[in-house]
Structure formats: structure tokens, C-alpha cells
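You will see subunit A twice below: alongside subunit B first, and alongside subunit C after that.
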Partner chain A sequence: MCYKKEYDVIIIGAGPSGVKSALTCSKKGLKVLIIDSNGNSGGQIYRAPPKSYIKKSEKTFEENLIQLKFSEDLTKNNIDTAYNHTVWQVSPGFKIDAFNENGTIQWNTKNLIVATGTYEKIIPFDGWTTPGVIGLAACTILLKAHQTLPGNKIVLAGNGPLLISVAYYILKFGGKVDAIVDTSSKFEWIKSMISLIFNPKNFIQGISWILKIIFSRVPIYSNSLINKVSKKENGISVEIQNIKNKQIKKLTTEVLAVGHGLTPSTDISRLLKINHSYDDLKGGWIPKLDKYFKSSMKGLYIVGDGSGISGAIAAEEKGELAAYSILKDLKLIDETEFENNTSKVIKKLKRYEIFAKGIAKLNATPKSLIENISNNTVICRCEDITKKDIIHAAENGARNLNQIKSWTRFGMGPCQGRTCQYSVAKIASEHLRCNIKDLGYLTGRTPLRPFPLDKAIGDFEYEEITKVEAAPL
Partner chain B sequence: MNNIDIAVIGGGINGSSTALHLAKNGLKVCVIDKDSICRGASGVNAGTLTMHMTRAKLIPFAKKGWELWMNTEKWLSNNIDVKKKNGLCLAFTEEEEKLLNERSQIRKEYGADINIISKSEALKIDPNINNKIKCAAFCEMDGYVSANQTGDAYTKALKENNVEIVENFEVSKINNLNNNYEIIDLHGGKINAKKIVLAAGVYLEKILKLVDINIKIKCFPQQLIVTERMPELLKTVITVAHGKLSLKQFENGTVLIGGGWPGKGNIENGYNETIPENLIGNMRLACHAIPNLKNSRVSRVWLGLEAETDDAMPIIGELPNLKNAFIIGSIHSGYTSGPYMGKLLSEKILGNDVDLSLFDIRRLMN
Partner chain C sequence: MNLRIHDYFERGKKVKIIVNDETIEAFEGECLSVVLFITNKKNLRTSPKLKENRGMFCMMGSCQECVVLLDGKKVTSCNIFIKDGMEIKTGNLNVL
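Here is the complex of A and B:
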């Protein structure tokens, strides 16, 4: 594709929120570019199979159909798409720097919509780095986009709705779920069901999934967590512990998929120094936005689950609201049209958010999950930082996440704390007996994703780089 | 907080070193910082301890600083990683060769043990360097510190020596009362001390205004780049003739690329951002020096703010027209020399005969 240098609107992330905002903007004639590191639109929820993938089964998911519709709509509306491009830097103004297989590229825009979704929270436990332990969300990608089972026998652990959906897909593919280990109680599930009436579509889907799990007689361990995992000759040994009575049950399985909910991806908003606030029911730190998802920085919008977790359907509404706000600012729609269009969307969104908050309660992190981590367990996998190292920094006087990062090196590796930031904050706040909010959040840093040096430097002549003035003697 | 002999404003390497040496001599010291100990440039710089990039006139001080860094367990703490390494400064063109010869000669005259070596000798010392070099300058007195640990190490040492640490205290007013200074922060907090030391790094200009001294302190936002953990890629600390590169591999395998390529920074609101073209320039120079480096990935980029006076020389010593007030800052290669400069100033404050005339602030005041 031949890209322009400048666009009216650039959207980072081609999930439901990004696609919806792209379509809404382009319908009024704006020149739109949508960028994604994946090979196609759809985000994680409607992720398309890789291009090289040969379909193994005749099963088509509803998700795949939605993705195909996204692709079709984007093409029909002449929206430029930059797939397989990883954004590594965003600067105010806005300059967006990305790289792909061939090298680097920079685009400019006055209106930037960030729709970068979420990443998975996994609270560590003894043996969580053992081969055979994967994330619940990673498991969904394997199942839905690749139509591949991670193993034949699987234990699912953690909390929240992903446990149910992953179990459903595994069973659908003929896999065996050895156990579901849930930190929540059955009572908490029933309570959360009340909020489901605000989202009937998800309600019906959820009930059908649960019924399938019940009919398949999958053992469910409520109020329980994974105490320990160790490698065995033919798989892994999983130790399940009941939070209340501390009873332990041992199982041997092939794969353990574990996840403790999702957290908004705030990499770009933190990099641009937008203020953030903490909201446990929205997944943690979220950027401060108005009701049209506009940030305090002119032209910057943050939509989808990256603005606070509320699910794929609500993500579309958020993308649409941001698009209307841009159209109004550019005087492509008048005040009346803006009000008419947005008021309906805001109403719908409110209902979805009540539903999302109800579900989010299932993702609360019980204290025992943190207490159970032993001192020598690695929390930051990039830099091999253990629970002991974090506690040591807190004991020596580190009082916020950035200081703990500096003293221990946690979060300094390729993932920049995406995997461990939440767990480190939980460990430190438990130890210091302070609110997790008081520890702040990690300063945003480029590159937003690890940046291969060979791609960055491209071909060059030595003379080109030495035009710099020599340092004074 | 009462009976403070000396309040040090600014808990970076200069202020913290001064405070530490004063406390070791029995004074009651407090260190005040708007953020926390060594969270500014002192904690985010490249940690290079090289003579190849040090300003010639400061070589004698940098050498003393280097010695102190090599013996941190004796005066600071044992929880900071310091490594002695050989230092190679590379020249890739004839022009650079000439520059390297000139500069190394001058640094040598100031006491640095730097020698020009041939291409084959340099490749023997570190086979990883680009074999297109013309020649190199060699110095045994080189190495690095893991600068991110500076805050941890100094906090520990200051506490052990009973220095009061006051963090998140942004000084907004300094009242000079009779034989006493009253230091007030944005929220009305007050600290009284008999003497003060101003060590606020890039914020010195602002702090000096509070005692009616107006001089210009320039602020240079500098970019740093670090790769993911890699197998051995280089054995030495690498610099280049024109001084725009520093390169080293830490024990954990990460390679740090520095050299003072500017980013954008604003000391008023602390906002800073990188300049992609400068990052790429810096990376190209690094990959030119160590070709195998291009097989790694950059995992993080950040900025530090360097302070510089109009003549690029430090300001250390007594403040004119004020009693019992001192200053330390704007030291080029300040991370290397900081511990020694702090020690020098502490001796001056203790009344010892120390010659700091080279760094007198009056040269910058008209």
C-alpha cells in the first residue's frame, strides 16, 4: 500500500472500537488511516486467522464473520490500513512512528484515536514460568484465531468471564477440561449475573456456555487458587488450594491456562503524560477522559477497553462517540446532529458499563493470591526480579512504582512492566499497607514495543551520521 | 525538625555526596528533594566512568571520582554494581583520527593515562568492534555503574549516617534569618538550618533566584537507549573520537547506548519526549561501532536532564554576599566526579583549605 504522509484521523488499533471510529469518520469524507500490528482487523476479540493458515475445521465462529465484515467495510469506505505495522513512538502534534518488516515509517495527524485494547493480568505463583503454563487470553487466541487446542488436557484457573468462555471453546473443539479453578465463590457469580440483564445478548451467550460446562461435568473448584505448578514427565503437576479451608488437591494435566482479568493498555496515554486515575472495576489505571473519550490533549482520544474495560460491544460505542466529537470539532456535523447521534449512543453505553462493572467484580484479586506467592518466585520475568527483591526495595524506602523499578530493575525489560506492573504494585501495597493508588504508575517510555535495531537503522552511509557537532573538549 | 547544621537542597549525586561526607564528620545534615533521592539525572544517566569523554580540565577530578566509585563499599554501600572495564575510543575516518590524537594528547596532559593504539591492537582488546576503524585511544581507567541503583545505594548510606531525608519537598522560598536559614516548600512545610548547600541540578537557576542570584543554567535533555538482554556483544566501554557515543554491556546482558543525543525536555512541568531522528542517529552510530549490535532489539528509551553553565565549567563553593551558603552543580561528567566533588565541598564547609577557585560562581555573575 502507498501511504500518505498526513491523515485527517489516525487510529491505532483495528479492534471493534478502532474500526467503528474509522467508519464513522470516513463516512463524512475524512481521510483515515488505521494501524495494527496484527495482519488484519478484528483486534484480539475477533482476531483473524493468520494468512498462511490452512483451515483445519469446518466450524466458523461468529467472531470470524464479524471480522470479515470489518475487512469488507474498511475496504468499501476507502480507509487506508497499515497492518503488520508496530507503532513504537507517538509524539504530540501528532507524529506516529512505526516499523514493519521493511523498515520504519512516520505519519502525521491532528486527530489521533488510540484503540489499543487491553493486556492480560496474571498473578504469579510458584512454578508459573514452567513450560505448559499459558495465559487465558493467549488460550482464546489459540482457540479462536488458530482453531488449535493448547493441549488435550487442560486446567483453567484464575477468575472472571474468560474462564467460562475458554472452557466452552475447549469443549467445543473436543478438548478435555480437567478442572476450572476459580478464586471467586459461586455466590459471587450469581450476584454478578444480576448485572447481566443490562446486556441480554451476552446474558444468553453466558448461560449457554455455563450449561455446556455443566453438562460436560467439568469439576469446578470455587474459592480456590493455584498454589504450585511443577514439571512432570508427561505434563505438569498442579496443586489447587481452597482459599477458605486451605485444603489441597493435586492434579496432573498437560496445560494450565491462567488469567486474573484484563488491564487497559495505557502505554500511549502514559507516554503522552495524560493524567490517569485508578478504578479497580475498570481494570486499574485509566486515562482521564470526557464523555466523548477526548483527553486533555487537543485531538487525542482514547477509546475501547483501553479507556476502561467494558467489553467489545461497548468498545464500538466508544469509538463512535470519539468519531462524532472529531466530526463536530472539524465542523462536519452541527451541534444538533452531534447531540442526536451521541445521546442514543451514550445511553446504550451506560447500560453496557453497568454490566461490565458487575462482571469486573469477579476479577477482584483476593489477598491470598498475593500472600501465596513465595519469596523466591520471579515476578518480573524480563529481568528475573523476585517477590523478595520487591519487598526489599520497599523496606529500604522505595515508596512508588517508579522508584521500585529503578532500584530493582522490574519493568525495565522488553515488556516494560505490562506483565508484572499490577502484581508488583499489589505486593508492594500489601507490604507497605498502603492503597495501590498511592504507588502511582510507571512512566510511559518508548519504544512502545521492542524495536529491532536492524529495522531502526536501515541502510546508511557513515558520513550521514557524523554530521553531529563534536562534544566540547 | 530541629538543630540541623546543614540542609542540602537537591538529593542528586552532588548533594547526596556532600551530605554524606558532612555527616561522616559529625554534622547533623538533612537532604531535601522535590522528588526522591537520585531520581533525576543521577539515577537515569548512562553511568559511564570514562576519561575519553571527560572535559580535559576536569580530568584530575574525574580520576579521583573514579577511584571512589571503584571502592563504594568503603564509603557508600555495597548494593550498587560498579565494574572496571577497559575503555576504547574509536576513530573511523582520517579526520576523526586527527581529532582523537589531538584530544587524547590534551587529556593526557591533564593526567589521563590515554594511549593511541593501532587497529590490530584495538581488535585484540575487543574483537567485537568494527574492523573499519583507523585507530583507537586506550585507557585502563574506565568502567560503569548501574546508575538506576544510585538512589537505593545513597538512601541506604544516608540513613546509616543519620542524615535526615526529606522527599517530595519542593522548595519555594529561602529566608535568610539571623544565623539561620528557613526553607519553605510549596505546601508551607518549614525546615531550619544553620547552613545551606544548593545542589538542585538543572533546577539550580530557579533555586538561586530564591537567594537573589541570577545566572543562566542551561538544560540539555539527553536520550538514552537500552537493548534487551543479549549474549556477549562487547568487552569494553566504547566511545568515539567526537564524543557522541558511549556504549557498554551490563552484567545482565543489556547494552546501553548513550552519547548525549538531545531529546526535548521542559523543566517547568517535567514533560519530556524523545526525538525519533536523534534516536536513530544514535543507534546507527552504535551499530557502526559494534556491527553485531544490530541483531538486538531496543527495549527502552528515556531522557535525563543535564545542567550546564555558560562556560560549561562547574560551580562549586561559597555563595557570594551570603553567609554559610554553598553551591555545587553543573559538573560535566558529573556522575563520575560527583562523589569526589561532594567530598571537596564538604571539606570546604568544614573549614579545611580547599582550592575551588576554578569553580567560583562569581565568574558567571556580572
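Here is the complex of A and C:
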């Protein structure tokens, strides 16, 4: 694709929120670029299969249909797409630097919509670094995008709706679930069902998934967590512990998929020094935004789950609101049209957010999960930093996440704390008996993703280097 | 049991890749980390201090645990798609 240097609007992330923003902006004639590190639109929730996969027949599943619609709509509306491009730097103004396999590229815009979604929260336990232990979200990507079962035998653990959705897809695709290990109780599920009424479509879908799981006689361990995982010759050994009576059950399986909910991706908003606030029911730290998802920085919008976890359907509404706000600022729609368009969307969004709060309660991190982490458990996977190291830093005076980082090297590895920041904060706040908010968050740093220097520099001959005059002796 | 689901999509043609001097078969265009995972080559990188095995974990380019050497260069295998003759090395990649 031949790109322009400057766009009216640039959107980072081609998931449901980013796509909706792009379509809404381009319908009023704005030149839009949408960037994504994946090879296609859809984000993680509707992630497209690899390019080489060719659809066999009309037989399909819902996520795939939605993704195909996204692709079609983006093409129809002449929206420039930069797939397979990873953004590694965003500077105020805005300059967006990205790389792909050929090298680096920079684009400019006055209106930036960040729709970078979420990461999975995975609270550590003994042996969680064992190969064969993967995220629940990773498991859905394997199933839905790559059309592959992760193993012949799988244990699913953690909490929240993803547990049910992953179990459903494994069964649908002919796989076997050895056990579902849920930190929530059955009563907590029933309680959360009340809020599900605000989103009837997901409610009905959820019920049909649960029925399939029940009919397949998958053992469900409620009120339970994974105590320990160890490598065995042909798989892994998983120790399941009941939170209440501490009883332990051992299983041998091939793969353990585990996840404890989602946390907003704040890499870019932290880098741009936007103020953040803490809301556990929205996944942790979230950027401060107005009701149209506009930040305190002129022209910067943060939409989708990156503005607080509320799911894929709500993400579209958020993307749409941000787009209307840009259109109003650029005087492409007047005050009346803006009010008419947004009031409907805000109403819908409010309903979805009640639903999301109900779900979020299922994903609240129970204290037992944090207490269960042993001292020698690795928390920061990149740098091999254990719980003991974090507590040591706290005991010696580290009082916020940045200080713990300097002390231990947690968050200095290639993932920059994306995998462990939440757990480190939980561990430190438990130990220091302080509010997790008081620990703050890691300062945003570039590059947002590691990339090789040779990519940044590109290919050149010695003669092409601009020589500077040598300093006088 | 074949872990690949063939109900909805046709995959690319069969190709061969080399993983630590061993040849394995895969379909062109499949995701590298997924192929390594289901062919039981789950140990990808080695952790820096404890020298523990690590493997595919987040599948969305965030955690960096699935880093391997592809034709001599460090890459996250979760966003690499199989091409015929790719040479992959796993294990301790911190070689200068």
C-alpha cells in the first residue's frame, strides 16, 4: 500500500473499536489510516485466520463473519490499512513510528485514536512459567484464529466468561477438557447473571455455552485455584486446590490455559503522560477521559477496552463516540447532529457497561490467589524476579512500582512489565498494607515493543552515510 | 488425534521447516509458535537468570516468551508464518 505522510485521523488498533471509529470518520470524508500489528482487522476478539487459510464453504462461526464484514467495510470506505505494522513510538503532535518486516515508517496526524485493547491478567503460581501453560486468551486465539486445539487434554483455570467461552470452543472443535478450575463460586455466577439481562444477546449465548459444557460432563471445580504445576514426561502435572477447605486434587494433562480477566493496555497513554485513575472493575489503571473518550491532550482519544474493560460490543460504541467528537471539532457535523448521534450511542453504552460490571465482578482477583503465591515463584518472567525479590525491595523502602522496578529489574525485560505489573502491584500492596493506587504505575517508555536495531537503520552503503567534519585537534 | 481443525478452512501446501536440526512438516502460512506447540516443541527461549525453559504464552505479541531464532534473527514466533525451509533455533538465544 502507498501511504500518505499525513492523515486526518490515525487509529492504532483494528479491533471492533478502531474499525468503528475509522468507518464513522471516513463516512464524512476524512482520510483515515488504521494500523495493526496483526495481518488483518478484527483485533484479538475477532482475530482473522492467517492469510494462507482459505475458507472451505459457507459453514462458519460468528467471529469469523464479523471479521469478514470489518475487512469488507474498510475496503469499501477506502480506509488505508497498515497491517503487520507494530507501533513502537508515539510522540505528541502526533508522530507515530511503526515497523514491519521491511523497516520503519512514520506517519503524522492531528487526531489520534488509540484502540489498543487489553492484555490478559494472569496471577502467578508455582510452575506457571512451565512451557505448556498458556493464557486463556492465547487459547482462544489458537482455537478461533489458528483453528488448532492446543493439546489432546486441556485444563482450563482462572475466572470469568473466558473460561466458559474457551471450554465451549474446545468442545465444539472436538477437543477434550479435563477440568475447569474456577476461583468463583457457583453463587457468584448466578449473581452476575442478573446484570447479564442488560445484554440479552450475550446472555443467551452464555447460557447455550454453559449447557454444552454441562452436557459434555466436564468436571468443574468451583472456588478453586491452581496451586502448582510441574513438568512431567508426557505433559504437566496440575495441582488443584479448593480455596475454602484447602483440599488438593492432582491431575495430569497436556496443556493448562489460565487467565484472571483483562487489564487495559495503557502503553501509549502512559507514554504520552495522560493522567490515569484506578478502577478494579474496569481492569486496573485507565486513562482519564471525557464521555466522548477524549483525553486531556488535544486530539487524543482512547477507545475500546483500553479505556476500561467493557467488552467488544461496548467497544464499538466507544469508537463511534470518539469519531463523532472529532467530526464535531473539525466542523463536519453541527451541534444538533452531534447531540442526536451521540445521545443514542451513550444510552446503549450505559446498558453494556452495567453488563460489563457484572462480568467484572467474576474477574475480581480473590485475595487467596495472591496469598497462594510462594516466595520463590517467578513473577517477572522476563527477568526471573521472584515474589521474594519484590518483598525485599518493599521492605527496604521501595514505595511505588517505579521504585520496585529500579530495585529489582522487574519490568525492564522485553515485555516491559505488561505481563506482571498487575501482580507485582497486588503483591506489594498486600505486603505494605497500602492501597494499590498509592503504588502508581510504570512510567511509559519507548520502544513500545522490542525491535532489532538493523530494522531501524535499514540497508545502506558506507558512501551514503552523511559524514561530519572531524573535530579540530 | 490431529490437533488441526480442518472443518472451516483449507490450509496452505505442506512444507518442511528445520527446528534445531530436526525437520518437521507443517502447512505453509501457519503460525510458527502454534506449529512448535502442537508438535511438542514447547521449550522456546531460556530465561536469563534461572536458565528455565519458557514457551508460547500470550499469543498476542506482548509477553515475548515465544522468542526464537529465525534464520539467525530473534523473532516472536507468534507473529511469524511458516515458509518452506525456515530454520529455527530455540534455547539459549543470548549469544553474541
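General remarks:
To be clear about the criterion, the second predicted complex is superposed on the first by the 452 of 473 C-alpha atoms of A that agree within 3 Å, B and C clash if a C-alpha of one lies under 4 Å from a C-alpha of the other, contacts with A are read in each partner's own complex, and residues count from 1 in each chain.
Following the convention adopted for this analysis, contacts are C-beta pairs under 8 Å (C-beta built on N, C-alpha and C of every residue); 3 or more make two chains touch, one makes a residue touch a chain.
Here the structure is a predicted model, which is why all the values come from computation and not from measurement.
By the touch criterion defined above, A:Gly135 lies against subunit C but remains apart from subunit B after alignment on the C-alpha atoms of chain A.
Legend: residue contacts after superposition of the two complexes on their common chain; A:Glu383 is shown touching both subunit B and subunit C.
Of the two partner chains placed by the overlay, neither subunit B nor subunit C lies in contact with A:Glu233.
Using the contact criterion defined above for the overlaid structures, shared-chain residue A:Ser406 touches subunit B, although it does not reach subunit C. In the superposed model, A:Ser37 lies in contact with subunit C only, and not with subunit B.
Look at A:Thr419: by the touch rule set out above, it reaches subunit C but stays clear of subunit B. By the touch criterion stated above, A:Glu62 is placed in contact with neither subunit B nor subunit C. When the shared chain is aligned, subunit B and subunit C each come close enough to touch A:Pro452. Touching of subunit A by both subunit B and subunit C, each in its own complex, is seen for residues 382-383, 413-414, 450, 452.
Across the complex, subunit A meets subunit C through its residues 37-39, 44, 49-57, 59-61, 64, 84, 86, 119-120, 129-135, 137-138, 141-143, 146-152, 173-174, 378, 381-384, 413-415, 418-419, 449-450, 452. By the touch criterion stated above, subunit A contacts subunit B in their complex at residues 89, 91-92, 95, 97, 104, 106, 273, 382-383, 393, 396-399, 402-403, 406-407, 409, 412-414, 416, 443, 445-447, 450-454, 456-457, 460, 462, 464-466, 468, 470-473. By the touch criterion given at the top, residues 1, 3-12, 27-31, 34, 37-38, 42-44, 47-50, 52-65, 67, 73-74, 79, 81 of subunit C touch subunit A in their complex. Put simply, subunit B touches subunit A in their complex at residues 36, 39, 43, 53, 55-56, 92-93, 96, 99, 103, 106, 148-149, 151-152, 155-156, 159, 165, 167, 226-229, 241-244, 252, 254, 260-261, 271, 273-274, 276, 279-281, 283-285, 287-288, 293-302, 312.
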